[in-house]
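You will see two complexes here that share chain A, one where it goes with chain B and one where it goes with chain C.
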Partner chain A sequence: MSRQAILLGLLLAAFALAPLVAGPYLLSVLVVVMYFAYVGQAWNIMMGFAGQLSLGHTLYVGLGAYTAAALFVHLGVPAVFGLFASVAVAALAGGVVGSLGFRFGVKGVYFALLTIAFAEFTRILFEHIPGLGGPGGLFLPVGDRSGIDLVHLRGHPLMFYYLILAMTAGIFLLCRRLVRSRLGYTWLAVREDQEAAAALGINVFRAKLAAVMLSAGLTALGGVFFAFYYNNLFPNQAFGMNRSIEIILAPIVGGLGTLFGPILGALILTPLGEGITMATEAMGFKAAGIKQLCYGLALLAIVKFLPDGVWPWARARLGLEPGDGDGEDDR
Partner chain B sequence: MTIDLANQIVTGLLTGLVYSLMALGLSVIFGVVRVVNFAHGEMTALAMYAAWALFTWAELDPLLGLPLIALLLFVLGYVMQRGLIDAFVAKPEHMQFILLVAVAIIMVNGSLLVFGPDAHGIQVPYGFDTYEVGPLLVDKVRLLAATAALCISGLLMLFFRRTMTGKAIRACADNLVGARVIGLNVKRLYAVTFGIGAACVGAAGALLSMLIDVMPSSGPELTMLAFIIVIVGGLGSMGGALLGGILIGVSEVLAGYFLMPSMKGMFSFAILILILILRPQGLMGARK
Partner chain C sequence: MSAAPLLLVEGLVKNFRGLRAVDGVSFSVGAGEVVALIGPNGAGKTTVFNMIAGVFQPDGGRVELEGASLVGLRPDQVCRAGVGRTFQLVKPFGNISVEENVLIGALRWTHDVGQARRRAREVLDLLGLADKRRQMARGLTLPDRKCLEVARALATGPKLLLLDEVMAGLRPAETDRMVETFRTLNRETGLTIVLIEHVMRAVMALSQRVVVINTGKPVCEGTPDEVVRDPRVLDCYLGQETP
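Up next, the complex of A and B:
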């Protein structure tokens, strides 16, 4: 077994056993950590693997969340079926954004702004759909919080904890396989040199579209989790620019294009935010904004001093080689 | 009804000119330094707070405070470029994005800490004066702000056309290697450019403070607004920023008039999407 695999096993075991020692607060923090690791990984498929910068990724979270939630609230469709609709709607939206962007040659910064525009457009649109609660929000009826009902996704917080753990582990394994698949190498070629990839006979448009749609669909699953875990949805939060920023922070801080990056990034950023809250409260600062201010300063420091992300740096410190287990093969 | 609509359009046009000046700053920075300033609206909000503070504590009219605020923002922009952004000029876009998002987070929450979450507005003594132009009613404040914005934009264009520094900055934008070959100090010129862009923001913020209230959440909204204007007009084109500002200013009031005021943003983003797809270089930008 490689050292990476051992590290991964240890990480998984630590998360799986955490409920034995951790209280409800710590578990809720860990859920947030894994949620951001999950959506960060999904975003990473598009940016890290295929090199397409999406700054409006919360569009797919929001669409996924609202689709499954609306089907449940209005038609009583169980989440386990609703999630297929969520994935379909988000993948379709990703397909629209991607095909419009790629077909018309919208590149770089312009493509990133296009993704923001779609997300913001949808945010304001959803604020004007009364059936979805408008700006007042869409609320899911909170059912029995002691049982385990995976069909309707209603139940004990621990159920959600293990669900998001399974999702995060699942997307990690999926991405690991993707990196070494034909599609993964196609993305790598497109990311590094689009013209050369096209000259080799790669259908660049299809490769990029596949990345966007897959990334969008997987992100939507995160949205479904979000909706049923928090039981409330607001356009402002589901589609807001702030959310898009939060999604991409973990993979970038962790290390773009690496498999451990999103996990490590989420493990750093979420506890950092919580820690700053506690520290400022302990020191008697109650003023609004101080937490976010410190968070911004910490982020600035990370970006300034570890521009490639924490994982490539940590990997070197741990004496691990780029290679097996983190998708860094030739990168 | 037509008179009312015409009044609305004039209002939108005048407000749009002030938006233009803010967007012009973004355009100048991107056109030369090739960095998208994602903290642009936040810097505008800082300038608005500065105008409010000067007005409230020193009873200084924002129009008179404008040069001071523009100077302050110039220094801020110069220092930001020198100390922070310069190291990221050659880095990929997402790194620049995260860097400036961090700066934006610091600015938003810094102003939240200092000024609190409430909206701050300025009511100048002549705030309710209007001019009658034929059947139209024009707000004095808006007209003054728009005129000032237009003059400053004109000065900026003269600066880039006539002065040596302006020409040197344009040389950096047109041919970076050539600029280095003839011995231009690119680092310093980039910092000056960022300072000039920030000074535009400072001036625009001082003018905007008379037209709209400022609160911490104004920053991200203004950033979006500046992006839309600049993309619609053409990123890097100064005339485009003027045109884009007027278009968005007018379309905002029209959307508010015919649809719902809360839907005006949707209208602007729809225009942005159409422009990005059909004419990504913007209405007045040159295809690269």
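Up next, the complex of A and C:
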């Protein structure tokens, strides 16, 4: 067993046992941590592996959330079935954004702008669909919060805690498999140099499209979780630009294109935000924006001193660099 | 030589905004041959390569591999048809290991990553990069990057290998070693090679036939010994010996 596998096991055990000692507040923070680790990992497939910058990933969160929620609210479709529709809708949307962008050679920052545009006009669209609540929001009936109903995703907060833990562990293992697969190597080639990738027989268009669609579909599952955990959806939150930025911070801070990066990034950023809130309140700072200012400065410091992200640095410190001769290249 | 040559280039034309970069270049390469394409800077050699490899579409003429046209195919399709190429300005995948660079080439013909990795190690052995396989490609020296460029193209298992100035910047000893590698490959696997090269030492040692072009037009064609004595070549490229 590699040392990275041991680290993963320890993390998993810590999260699995946390409810034994943690109160409701800490658990809700950990849910947010894992949610951002999950969607960060999904976004990382597109940016970290395939090198395609999406700044509009809330498009897929929102579509996933609204699809499953609307099916549940209006047709009584259980979340377990609704999530398939969510994944399909988001993957399709990813396919549209990707094929339009890549077909017409929209690259780099221009592609990133395109992803923002799609997220923004979908937000505006959803503000004008009366059946989905418009700007007033779509609310899910809360129901019984003591039981465990995984079919309808209704129940105890602890159920949601373990659900997002399973999702985060699942997407980690999926990505771990992906980076060692043919498709994963194809993405790395495309990320590094598209012209050279094509010269090696790689269909660059198809590789990028696969990355966007898979990333979108997986992100939509995060959206389904979001909808059923918070029980309310507003277009300006579900599709909001600031949420798109929040999604990408964890993998950037943790280390782009690494497997532990999104987890580590979320573990740092969410508690950092909470900590700054508590600290500023305790010290009596009431000035508007003081929390954001401190958060921004902290981000600045991380990016300044660890430009490759925290994980590549921590990996070297912990002696977890990929060993020689094992035939695997851990990221 | 059999009925259809491995590579047929005929009457190739390419214009860049009114500049005729390539004007009626024709040559053919039989299976197992090593042919050099030489000429002064700006003669259109790389443009010819790019038209064979699918990067540029020709404005006229034919490109055929074993009788099947390559015109209209994308670079990845040309590669899958059996043409491997290197870039004059090397394009390593910098942030992944040397071995992974080559492994990606081998994934052209296999879906099995383990098999691709084994092939990558064989190719790296062959090119003398085996001890650097775990390094990040961005850390390699220029000669090693050139080697990596060749290794990656070779790993795709091409019938035809297009080498764009892979000897440029190598020391004479390194050039000789690379020449020897290509001779061995050509002899043992029947690999067909077309190379663009300014290093005449390599051209003379490696190629069986030389095609000379200048300002996009064909100048002459022949064995290396014939070509270096041809007055037209001396005039436009190699220069006259001082009497």
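Quick notes
We adopt the following convention: the second predicted complex is superposed on the first by the 319 of 331 C-alpha atoms of A that agree within 3 Å, B and C clash if a C-alpha of one lies under 4 Å from a C-alpha of the other, contacts with A are read in each partner's own complex, and residues count from 1 in each chain.
As a working rule, a residue touches a chain if its C-beta (ideal position, glycine included) is under 8 Å from a C-beta of that chain, and two chains touch if they have at least 3 such contacts.
Small disclaimer: the values here were computed from a predicted structure and weren't measured.
When the two complexes are overlaid on their common chain A, residue A:V21 makes contact with neither chain B nor chain C.
In the superposed pair of complexes, A:G105 makes contact with chain B only, with no contact to chain C. Looking at the shared chain after the overlay, A:V142 reaches neither chain B nor chain C. Once the two structures are overlaid, the count of chain A residues touched is higher for B than for its counterpart among chain B and chain C.
In the superposition on chain A, A:Y295 makes contact with chain B only, while chain C stays out of contact range.
In the superposition on chain A, no chain A position is in contact with chain B in one complex as well as with chain C in the other. Considering their complex, residues 180-182, 185-186, 188-189, 192-193, 195-204, 257, 324, 327, 329 of chain A touch chain C. Chain B makes touch with chain A in their complex at residues 36, 84, 87-88, 91, 93-95, 97-99, 101-106, 108-110, 112-113, 116-117, 216, 220, 224, 227-228, 231, 235, 260, 262-263, 265-266, 269-270, 272-273, 276-278, 280. Across the complex, chain A is touched by residues 53, 55, 74-76, 79-80, 84-85, 87, 91-97, 99-100, 103-105, 107-108, 111, 113-114, 116-117, 134, 152-153, 156 of chain C. Residue ranges of chain A in contact with chain B, taken from their complex: 47, 53, 55, 100-101, 104-106, 108-110, 112-114, 116-118, 120-121, 124-125, 127-128, 241-242, 245, 248-249, 252-253, 256, 287-290, 292-293, 295-297, 299-300, 303-304, 307.
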